[in-house]
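Shared chain: chain A. Partners: chain B in the first complex, chain C in the second.
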Partner chain A sequence: MIDHATHSVPRRLGLIITFGLAALAMIYLSYSLPRLLPGDFVTAMYSSSHVTLTAEQEAELRAYYTEEPGFGRYLLKLASLDWGYSYAFLTPVSALFFGALPWTLLLLGTAHVISMLVGFVTGVEAAWRRDSHLEKSMVGGMTVLEGVPEISTGVILLVVFALHLGWFPAAGAETAYAEVSLLARLADVGHHLALPLATLVLAYFPGNFLLTRNSMVMVIKQSYITTARAKGLPARRIRYAHAARNALLPLVTRFGLRLAFMITGALVVERIHSYPGLGTLLYNAIQARDLPVIQAVVLASSLMVLTIILGLEMIYRIIDPRIEHAR
Partner chain B sequence: MKKRMTLFVCRLILFLVFGLVASVGQLVQAGVKEVRIADSKGDWGYPNPYRHYPRGPGYVRMSWVFDTLVWKDDKGYIPALAKKWTYDPKSLAFTFELQEGVKWHDGQPFSAEDVVFTVNYYKKHPYQWVPLGDVAGAEAQGPNRVVIKLAKPYSPFMAYVGGVMPILPRHIWENVTDPKKYSDPRAFIGCGPYKFKDFNKAKGNYLYEAFDDYYQGRPKADRLIYVKAGKPLITLSTGKADLANIEPDMAEPLEKKGMVILTNARGWNKKLMINHKKNPFNDKRFRQALAHAINQQEIIEKAHRGFGSPASFGLLSPDHEFYNPSTPTYAPDPAKARQILESLGYAKGSGGFYAKDGRPLKVEILSSNITVAGESVTDRDGEVIKRQLGAVGINVDLVNMEQATTDARVKKWDFDLAISGHGGLLGDARILNRMINPKVTGSVNSARFGANKDLLKLLKAQVAEMDTEKRKALVYKIQEIYADEVPAISLYYPASMAAYNPEKGIKWYYTQGGIGLGIPIAQNKMSLVK
Partner chain C sequence: MHVNLKNELLQDHWFVVGFGLAVLFATVTLLGPPLAPFDPWDMSFAPISPPTAQHLLGVNDGGQDIFSELLYAVRNTVAFGLVSGLVALTLGVIIGLISGWFGGYIDTVLMRLADVLLAIPAIMILILTAALLRPSPVVLALILAGLMWPTISKAIRAQTLSLREGLHIRAAEQIGGGNWYIIRRHLMPEMFPLYLIGFAAKARMAMFMEASLAFLGLFDPSRKSLGMMISYALKYYYMDIWWNWLLPPIGCLSLLIMTVTFLAISLEKVLDPRLKETLGERTA
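And now, the complex of A and B:
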């Protein structure tokens, strides 16, 4: 046991060094990649506008907006948590980022949790009822649903439930500047969340269902399940405590990676439903060539991928102790 | 007794009727609580002259807060901060008699000194919407009269300065040295009908509140709200917005729902940019062959379900007062296009495409989504043009890219042909200078064409001609030369429409010649004032 602990210290140190180097590479990429985009802020903002610029005016504006801090200064600024100023808004990038983040967390976080829970439970139950009509039709239905892209589901839901039935609002995260009580505001936020959330749940849930069901089918063939049955344990306990726990691992991986792509993943849905969030922030920043904002969002999203992968490494050991023992 | 009873009943009826009329009157007087305008992009910057985005919707958002000397409605110029104005050709001076009792949103009085300060401030810290190169300076003659002197005759003065220049409060801006970075709440104090209250950057929503002391009377709606809506049409038809731009094919169903449909005059054109600095496009005859190869009506039919009308080759809209009906035109004529190409030494090669000196004639067309009246519109014209040029024998490589990437290439002259578009064709004829003059380097819509010296001379002369009839003659000539040279090809005017809910009693309209420099958006602030 002591031996095992002393071995794990350098291993963890190695892991942290590896991730640290990857983070540094990400920071460099977040600095250099947006600079490779053709065009710049002045071109994107002014070239098709109502304003016509002479060469001198253009040069002045470019000098005003373009800052070339160099990678060293960029790194120093990052270390002091200075994300710079947005060219378009002339406000700190951090304010823009943290203004958009809660909406992304609300929409994507809820969508992931719901689709994972529902996908997991239905997947487990379907695998348990293998070869029944219900299971077959569910697998068929989910396979079809898995193939339908978010853009189609989003538009269909919008046309049916917003345009024709009028049950849900078509755009935004809440009624803009509504003068209502806190409770009414919360209800309004929920009302606005319904359609984009449904779109995302419909996009994520089938994959979770199919993954859980397939893992479960493999697990319930194992002899320890037969042993558990022979012991006369209640069916639900066998399903969840014995079988499902071992089928959980791929789902956790999927959940983690999906979360990591949270920023860009919701762009389509954010655009269709005009929902605020980091996807829209990044999209607008790219269109306007607002380099400081692009840098910040790209960096935050890549660091998030790294952190989640690191987190998954830790979580695997808890969920499945075999990983630790296998080393 | 009976008589008394009848009298009583009559009085009662009269009382009830008057009461009803009075309460309805009060209801109307009370005004509208709020007006909501839907917009698909949402974010157009902060509404002050230095922080709004340089496109139309940015200017419009600013225009609610800041007033100009004169303004326009659906018929033409109307008084704003200036109640009267005159021009003296001898002294090259515009004299503006200002309104009395005007207040800034912070309660401070407005005066002629603010106008003088604004002119000087914009000269020092340029506001690109208002070119002041031809303005010598401004002078206050008492608190309510200001004289703006020109350095030389400048005919677009009212269109580009008097009717566009937002007046800044001197007491706030006199100590501001970097106006772009000035973000204090006081940076949004104007003397327009609405006070700026909030801009939610994440959600793309704007909130304005009526300015009670507005000199033209309190605005009709207490609050004005811009809401971001990816599909403004749905937001409008579900009652979540009162006004939105719409796709022309949705006009009929919306009309059935009781909406009022507005159709704009032809002031925005889709345009094929030509790299006339590069062989073979530097030859006028080759460009004319392209013009004959293109069938404008077919593009409208196939890519826009017939909603649009063919554009004049002379750039100015047929609805413009200076439009020249004799502008040369190029009928769609593939045979003529082929004949011109063959006269230039091209011969049909393999695959039915032309080649010259063993080199195949292959051109690249850049296309991208284009922002029209604030809405991003997908390009479908490239496919039709590719087929039309292909039918003549020109091999086309159609490349669809994101707008800023296309813009960057067009600006650097790194292209053959590019699909672009712009408005302003109903505003002052100075648009011709902006869209032709090679000195305008910062625009991807400008032909930047300097090969014809006569054209350049005429452009210079028309903005210096203060006599309307003489100026019109110059503009006629410009259209003729431009259409003959075809440095770019105006393709068509898309049908531009908006719809509004009339229930709140507000009448929206498209402004004569467009808002400010020619913005084709039906959101004139006067709709909420008078």
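And now, the complex of A and C:
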């Protein structure tokens, strides 16, 4: 146990250093890449507008928009949430960002919680009924679903349920200008959330199911499960208290490992369903070549991902103390 | 193990289906241009017309033949995935071998670098570079490969560490085999299953990324891509075009990702069940 204490401190420090370096790399990239940019916002904005600029005006505007702050000041402004003004929306970038963030968190958070819970429980139950018809067809079905990308699921759900059947709205997160009671508003938000949420759950759930089932199948073979059975414990207690706890570990690891990958899907899904989160904001910013917004969304969401993965690594060490001793 | 390999793979339904689809996609990729009835950039046909005998899938809003577009788009997506997957595999194998065999501070530096890259969301770097610098697809594929190698090299390193204690490696050292000789002749061939599994997983990720980036409009608009076709077709969803314009690229993309997924899953299952842990988990 003394061994444990002396080892865990430097390991944890190493972890924090790693993530700090990753964060610094992202910040530096988002600072330096725009400086390599050919073309600029002034050309993009005024070349197609009715306003013709004189050479002098153009030079002044260009000087204003390409002002060079230096990396130190960039860091300082970043920390104080002073992310500049959006070129296209003419509002502070942080206002746009924090306006879109809650919707993304709502969508992604709900999708992850549902797909983790459902995937975990069905995975455990499937492994317990190994080689039954139900289990075999579930594994088959999930493997097929795992091969369908979010773009396809999203578009199919949109076309079928929003356009042809008209059961769900095709865009937005709530009905605009509707003045209704809190309960009706919640129902409205849920109604708008249904399609993007279903898309993401269908995308995340098969992987969680397959992983839980596979690790659970390995765990069930262990001799301590036989011991638990021999003691005459109830089956559900063995399944969840003894076996599933160890099958949970790969699921948590996978979450952290695939988070960076999952964000891609979330961006695409928001765009398909025109859900007003960070993905749609980013898409609009890309279309308008709105640099400060692109930079802010990319950087802030990367930093959030880094924080979440770091948090998971810490949690993982608590769930599975063996890691502290592993080389 | 190698004797039964072929039989074992052929008995796995996932492998058979995946392999059949892979052959189909390989044909489309290789023979795409000669098979295409029209030049996909030719904009001289009547815009948004339904399928006819001449235009198998009709014509899109820009007056381009959709079937020809589809053949070129599949080609681009497959090529992107293969290039990115191959480069990631090469980088991952070389770095994993060096890290595992030489150890010491080389190992520490390389694996710390791998940890840092693992934590960075690849899509964000791709969006940033694609939106700002508009690089060619090859450059984007290389950047993606540069971000994807860590998982492969961690698996290779772990395997190297356990192999280097093996008797045959010790014997090779005793008879005076140099570092590179042992790596080339003994370590590299022995880890062949890991390459296949890693490559399939990375190619899948790269194809998914390509489709998503194209869907978000981050590629050159004149480059045909499944993601871009979906994105354009979606703009006209209120017209009755969903079955001839929207569905084909969606179907192709799903089948493509399924192909690689099935191959990856069955290879992993058949080649070595023990390796599942090494490839699936992070050993930070």
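Keep in mind that, in the parts below, the second predicted complex is superposed on the first by the 265 of 327 C-alpha atoms of A that agree within 3 Å, B and C clash if a C-alpha of one lies under 4 Å from a C-alpha of the other, contacts with A are read in each partner's own complex, and residues count from 1 in each chain.
As a working rule, a residue touches a chain if its C-beta (ideal position, glycine included) is under 8 Å from a C-beta of that chain, and two chains touch if they have at least 3 such contacts.
It should be emphasised that the depicted structure is a prediction, and the values quoted were computed from it without experimental measurement.
Looking at the shared chain after the overlay, A:R239 reaches neither chain B nor chain C. When the two structures are aligned on the shared chain, A:R271 is found in touch with chain B and with chain C. Once the two complexes are overlaid on the shared chain, A:H192 sits clear of chain B and of chain C alike.
Shared-chain residue A:Q287: touches chain B and chain C both. Legend: residue contacts after superposition of the two complexes on their common chain; A:G256 is shown touching chain C, with no touch to chain B. In the superposed model, A:G147 lies in contact with chain C only, and not with chain B. Contacts of A:R213 after superposition on the shared chain: neither chain B nor chain C is touched. Of the two partner chains, chain B and chain C are each touched by A:L163. Annotation: chain A residues 37-38, 158, 163, 271-272, 286-287, 289 touch chain B in one complex and chain C in the other. Taken together, the chain A residues at the contact with chain B in this complex read 37-40, 42-55, 57-58, 64, 88-91, 96, 99-100, 103, 158, 162-163, 166, 169-173, 175-177, 271-274, 276-277, 280-281, 284, 286-289.
Those residues of chain B that touch chain A in the complex are listed here as 36, 38, 40, 42-43, 45-46, 51, 53-56, 59, 126, 128-129, 180-181, 183, 198, 200-205, 207, 223, 225-231, 234-235, 237-238, 240, 370-371, 402-405, 407-411, 420, 422-424, 434, 439-446, 516-519. By the touch criterion stated above, chain A contacts chain C in their complex at residues 15, 18-19, 21-22, 25-26, 29-30, 33-34, 36-38, 143-144, 146-149, 151-152, 155-156, 158-159, 163, 211, 214, 250, 253-254, 256-257, 259-261, 263-265, 267-268, 271-272, 282-283, 286-287, 289, 291, 294-295, 298-299, 301-302, 305-306, 309-310, 313.
Within the complex formed with chain A, the residues of chain C that make contact are 14, 112, 115-125, 127-129, 131-133, 151, 205, 208-209, 211-212, 215-218, 227, 230, 234, 237-238, 242, 246, 250-251, 253-254, 257-262, 265, 276, 280-282, 284.
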